[in-house]
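In this document, chain identifiers A, B, C, D, E and F correspond to the written order of the chains, with residue numbering beginning at 1 in each.
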Amino acid sequence: MTHPRKRIEIVVEAVRAEQVTDLLDSCGASGWTILPVIAGRGRTGMRRGGDLAGVFDNVLVLCIASEAVAEKVLAAREELLGARPAIVSVSDCAVIRAEHFG
Amino acid sequence: MTHPRKRIEIVVEAVRAEQVTDLLDSCGASGWTILPVIAGRGRTGMRRGGDLAGVFDNVLVLCIASEAVAEKVLAAREELLGARPAIVSVSDCAVIRAEHFG
Amino acid sequence: MTHPRKRIEIVVEAVRAEQVTDLLDSCGASGWTILPVIAGRGRTGMRRGGDLAGVFDNVLVLCIASEAVAEKVLAAREELLGARPAIVSVSDCAVIRAEHFG
Amino acid sequence: MEMIPIPVLFFALGFAAALARSDLAVPDALSKALSLYLMLAIGVKGGIAIAAPGGAEGLLPALLAGLLLSFLLPVPAYAALRGTTGLDRPTAAAVAGHYGSVSVVTFAAGMAAVEASGLRGEPFLPAVLAAMETPAILTALLLARRGGARAPKDRTRLLREVLLNGSVVLLLGSFLIGWIGGTRAAAALSPFVEGLFQGVLCLFLLDMGLLAARQLRAAPKALDARLVVFGLLMPLFGAGCGLAAGLLSGLSPGGVALMAVLAGSASYIAVPAAMRLALPEADPGVYVTLSLAVTFPFNVVLGIPLYLTLAQRLAGA
Amino acid sequence: MEMIPIPVLFFALGFAAALARSDLAVPDALSKALSLYLMLAIGVKGGIAIAAPGGAEGLLPALLAGLLLSFLLPVPAYAALRGTTGLDRPTAAAVAGHYGSVSVVTFAAGMAAVEASGLRGEPFLPAVLAAMETPAILTALLLARRGGARAPKDRTRLLREVLLNGSVVLLLGSFLIGWIGGTRAAAALSPFVEGLFQGVLCLFLLDMGLLAARQLRAAPKALDARLVVFGLLMPLFGAGCGLAAGLLSGLSPGGVALMAVLAGSASYIAVPAAMRLALPEADPGVYVTLSLAVTFPFNVVLGIPLYLTLAQRLAGA
Amino acid sequence: MEMIPIPVLFFALGFAAALARSDLAVPDALSKALSLYLMLAIGVKGGIAIAAPGGAEGLLPALLAGLLLSFLLPVPAYAALRGTTGLDRPTAAAVAGHYGSVSVVTFAAGMAAVEASGLRGEPFLPAVLAAMETPAILTALLLARRGGARAPKDRTRLLREVLLNGSVVLLLGSFLIGWIGGTRAAAALSPFVEGLFQGVLCLFLLDMGLLAARQLRAAPKALDARLVVFGLLMPLFGAGCGLAAGLLSGLSPGGVALMAVLAGSASYIAVPAAMRLALPEADPGVYVTLSLAVTFPFNVVLGIPLYLTLAQRLAGA
C-alpha cells in the first residue's frame, strides 16, 4: 500500500541552498536532498557553474512532503526567493512508509 | 494558486547536451537545468563516466514547460536523438508563477 | 502517442548503490540512471558527502519502469533497505517509445 | 615578446583559446586546488621571510595603509559608477566593493614580475594582502544601505562569510605558520612553496585566461562601454593611490609596486560570494565580468609592468 | 610552539577554521589526490630504502607483530566498549575494527616527527602499515557475528573490499615498485616523492583539520563522554602494545616509535567503507567521528610526541 | 624486471588492481589535471629545447612526415578493418581515425624510455605530436562519408572540436611559450616541468592501467578476436611506417624511435570525443576499448622497447 505525497523540486543558487533547506525544515519537512547542477537557463539568463567564487552555481533541492507541508513551503517561497534566480515545481508521488515523510 | 505544467526529463550523452538544450530553446522552452549523471544502464548497455574523452558521460536535462512546448519537444526528439543513447519522459507538475514557464 | 510508466526515485547510500541497481535489474527494469547527491537530511540525520571513506555520500537512483516492474521493486525494497538510510518514491510519467522501457 | 613574463603568456594562451571557442578546460577542482596552493605558498613564504632578522620592519604603516585603502577605495568607485554609468545602486555598491578588495593571483603575478626585475617586496606584504580582502565588503554594504537596500537577513552567516572567508584564513594562517616555523618551515617546505610556484602560477593563469574570456562572451547586456571604461580606469586610480600609500609607508621600490598592484586589483573570489549573499539584488553578471574579464586581464598584461616602472622611478630603485 | 611540527600547525589551522565556521574548504577530488600521493610516496620511499643493502633486515618479526596487533587489538577495544559504554554490538564491533587497523596520514605525520628528531624508522615499515590495514576488519566481523549480526549477504563484494582495498593495493604496489626499481626509482622519482612530501602532508593535514572539526560538530547524540574517553585512551593502549611489539621485534628507536604510532592510530578511510557494507546496522556517525575527530587529532597533536619520547627512552636512542 | 621502466610498472599495478576488482580509483578531476600537466610539460620542454642554437634543425621534414602519416594511416586501417572484421562502416572509419592520430601519454612513456636508454629525441617532436592529432580525424570523416554516412549537421561545432581541440591548443601553446621564453622559461619552470615529470607520469599511468582494465571488462560483445588482433598488429604497422618516415626525415635514433611511437600510438582523448559528435552511428565501445585497452597497453609494455631497439639498429646509434 502506498501513500500520496507531494514532490517539491527547487532549482536555486548554490549560495542560497542553506536558506532553502532551513525553510523546508521550518515548514516541517521530514527531509530533503540536494543535487548538483551543471548549468541552467531561465529568466535571468544562462547560469553555468565553475567560476571561482561559485556565484553562478545552481543546485536542485528535492523534498518529499505531505500536502500540508508543501502548501506552507509554497506560501513561504515568495518571501525567500522573490525575484532571485530560482524555480519551484510540485508534483504528485507515492511513498510506501508514510511515517518517513512528514 | 498553481498552474499545471509538463516536466520533461531527458537522459542523454554529455557530448550531445548542447544539441538538446538548443532544441528546447527552439521549441520555446523558457529554461532548463542540466544535472550530472554518475552512471546509467539502458538498451545500449552500461554507460559509466570517467573515461578521459568524456564519451561515456551522461547528463540529465530537466525542463518545465507548457503542454504546447512539451508536445513540440516530443515531436522533435525522434529526429534529434533517433537510435542514440537517450531516454525522454514526461510527467505533470504544478508551478506557482506561470509567467516563469513558457 | 505516449505510454504510461512509473518513475521510481530512490535516494540511498552511495556504498549501497550497486545493490539497488542489481535489484532493479533482477526485477526486470530496462535501465536506470544514478545521479550524485551533495547532501541530504532524513530520519537518520544529516548526510553530507566528502568524508574520505565516502560513507556519508548519497546517490539518487532513477528508474522508469512498467507498473509491473515498479510493484516488484516496491515489494523487494523492504528486504534490501530495511532500516538503512534510504527513501523511495514513485510517480506517474509518460514515455514515447514503449519498447525502451520494460 | 622578449619581455612578457612567462605566466602572462599562459594567460594569453587561455584567453585566446576560449575566445576561439576551443574546448580546452581546467576542471573546477583543479582551479580550486591551484588557488589553495597559491594562498598557502604566498602566506608561508611571507611568514618565513618575516621571521628573518628585521623582517617585520615597517609592517605597521603598510598594514594601516592597506586597511585604509580597502575601506576607502569603494567610495570613489561607487561615486564614479553612479555618476557616469546607469548602474542601479546595489550593483554599483557591489562593484565598488570588488575594487576596494584585492586579487590573490594578481598579487602573485605582481610578485613574479617584481622578482623577475631583480627587486623584492617586503616579506610582510602577504599579511597586507590578507588584511585588504574584507574591509571593502563592509564599505560596500554601507553604501548599499545608504542607497536603500534592505539589511540582509542572515546577518551571522554574512559576518562569518566576510570575516572568516576561506582565502583570508588560509593566507593569514599560512603566514603565521611560516613565521612561527621560520627556518624549520623553510627547510621542510621550500621545494613545495618555491620550486612549484612559477609552474602552478602558469597553470592557474591559463585557467584564468579561459575563465575571463568565457565570462566576457557570456557578459550580460548590462555591461556597456561606460562600465568597461570604469573597469580600465579604476585600477589605474587604485594603483595610483597604492603607489602613494606605498611611498608614504616607506616601502622599497618592489614593495611600492606591489602596494600599487594590491590597490589596483579587484577581487573575484571572496567578494563575489559575499555580495551574492549580502546584496542579492545586485547583478553578479556585472561584477564578476568587470573584475574577472576586464580588470584582471588589464592588470596582468598592462597594469603590472606600468605600476612596476612607476614604482622604480618614484621610489628610485 | 617552537617544537610543534609544521604539518601539525596546518592541522590546527584547519581545525580552528572549521570550528569558527569559516568557509575554507578543500575540494573532495583534491583530498583524494593528496591521499593517493601520500600512499604512493610512502610506498615508493620504503621500497627504495629496503632495496639498499641490509634494508630488509628485521622485516619478518615486525611484519608478524603488526599482523598480530591488527588481529588482536579489536578484542580489548570491543570488550572496553561493551563494558563501559552503552554501545550496541554491531557498532561496538565496527569501532573496534577501526582501532585495530591503521591510519596512513597518522603514520606520515609520525614519519615527519621521527625524522625531525634526527631518527629514522626501518625502511620496511610501509609494508607493515599495509599489512595492518585489513586483519582488524576480519576480527570486527567475527566479533559482530558472535554478537548475533547476520552474515553479510554480498560476501564476495565484501571480501574484495577488504582484501583489495585501494589503499592497501597502492601502498604495497608502490612499495614493490620502489623495491624493484631501487636506485633507478630513486633517481627518477625523488623530486616527486621526497621534495613534495612535506608540502603535500601540510595541505592534507589542513584538510584533515577541517574534516575533523566538521565531523565533531555533526557528531551524533550517540557520541557521549564515555565514548570520547575511549577515543582518547584506546590509542594510548594500542600505542603501548605497539611499543612493546616494536621492542620485541628488535626495531630501532625510530621504528619502535612508528610501531606505536601504527598500533595507536585508527583507520578512517579503508575500515569505514568496509564496515558500511559489512555491518550496515552499525552507526557510521559513531565510528567515523571517534576515529577522525577524536583519535586522529589526539594522535597528531599529543600522541606522536609522547610515543616518540617513550620510544627514545625505552629503545635507548 | 630490472629493465622495465618505473612508469610501466605503475601501469601494470593499475591494470592488475582493476582486473582483480580492487576499488582503487583516481578521481576524474585528477586524471584531467595530470593530463593537462603532461601536455604543458611536454610542450614547454620541447619549446625550451628548440630555442637553443640549432634546436629547430630538421623540423620541417619531420613535421611533413607526421602530417602525412596522420592523414594516410587511417586508409590502410580502414581497409584492414573492413576486409578482415565484420565492423560496420562508420565504426570502422572511426576506429581508423584513432590509429592515424596519436596518444600524448604513449609519447611521454616513449620519451622516458628513450631518455632512460641514454638517447634524446629532437626537441621539436612535441610540435610533430600536436600536428598529428587532427588530420586523421578528417580522413576518418571522408572514409565514413564515402561509406554513406550522412554529413554531420553541426559542422561548425565539429570543426571547432577538431581544429581547436584542447590538447592540441595546450600542447602547441606551451611549445610556443617555451620557445619564446627560452632560458627564461627554463629557469622559471624547470622544477615544475622537469622535476615532477616522472612522478606525474607514474601516477597517470597507474590511472591508465585502471581505466584500461576496466574498459576491457566492460568491452562490448562487438569486440571479437579479429578486432583484438587488429589492435595488436595495427600499431606495429603504424610504427613501421613511423620508423621509415623518421629515417627518411633524417632524425637521430631517439627521434626515429619517437616517430615510430607516434605513428604506432592511437588516440584515446581527442579523437573519441570528435567521433562521438561527428559519427554518432559508430560504436564508442569498440573504438575506446581498442585504443585504450588493447593498443595502449601493448605499446607501453611491448611496443616502445621494440620500436626503440629497431630505431637503434636502423639509425645506427
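The rule we apply is simple: a contact is a pair of C-beta atoms (placed from the backbone, for glycine too) under 8 Å apart; a residue touches a chain by one contact, two chains touch by 3 or more.
All values reported here derive from a predicted model rather than from experimental measurement.
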Exercise. Would you mind checking the shortest number of contact hops between subunit A and subunit E?
Key: 2
Quiz item: Touching subunit E and subunit F alike: which chains?
Solution: D
Quiz item: Taking each chain's centre as the mean of its Cα atoms, which chain lies farthest from subunit A?
Solution: F
Quiz item: By CA centroid distance, what chain is farthest from subunit E?
Solution: B
Practice problem: Take the average of all CA coordinates in subunit B, do the same for subunit C, and state the distance between these two points in whole angstrom. | Solution: 19
Practice problem: Using mean C-alpha positions as chain centres, tell me how far subunit C is from subunit D in Å, no decimals. | Solution: 46
Exercise. Compute the distance, rounded to whole Å, between the mean C-alpha positions of subunit D and subunit E.
Key: 40
Practice problem: Give me the residues of subunit D that touch two or more other chains. | Solution: 27-29, 32-33, 191, 195-196, 273
Exercise. Find every residue in subunit B that makes contact with two or more other chains and list them.
Key: 35-36, 91-92
Practice problem: Using the contact rule from the top, write out all pairs of chains that touch. | Solution: A-B, A-C, A-D, B-C, B-F, C-E, D-E, D-F, E-F
Quiz prompt | In the complex with subunit C, residue positions of subunit E that touch it | solution = 28, 31-32, 35, 154, 157, 211, 215, 218, 220, 268-273, 276-277, 280-281, 284-285, 288, 292
Self-check item: Interfacial residue positions of subunit B with respect to subunit F in the complex
Solution: 13, 15-16, 18-19, 45-46, 48-56, 83-84
Exercise. Under the touch definition given earlier, write down the residues of subunit A that touch subunit B in their complex.
Key: 9, 11, 35-43, 58, 60, 74, 77-78, 87-92
Practice problem: Please name which positions on subunit F make contact with subunit E in the complex. | Solution: 1-2, 4, 6, 9-10, 13, 16-17, 20-30, 33, 191, 195-196, 198-200, 202-203, 206
Self-check item: subunit B - residues contacting subunit A, complex
Solution: 2, 5, 7, 21, 25, 30-36, 59, 62, 64, 91-96, 100-101
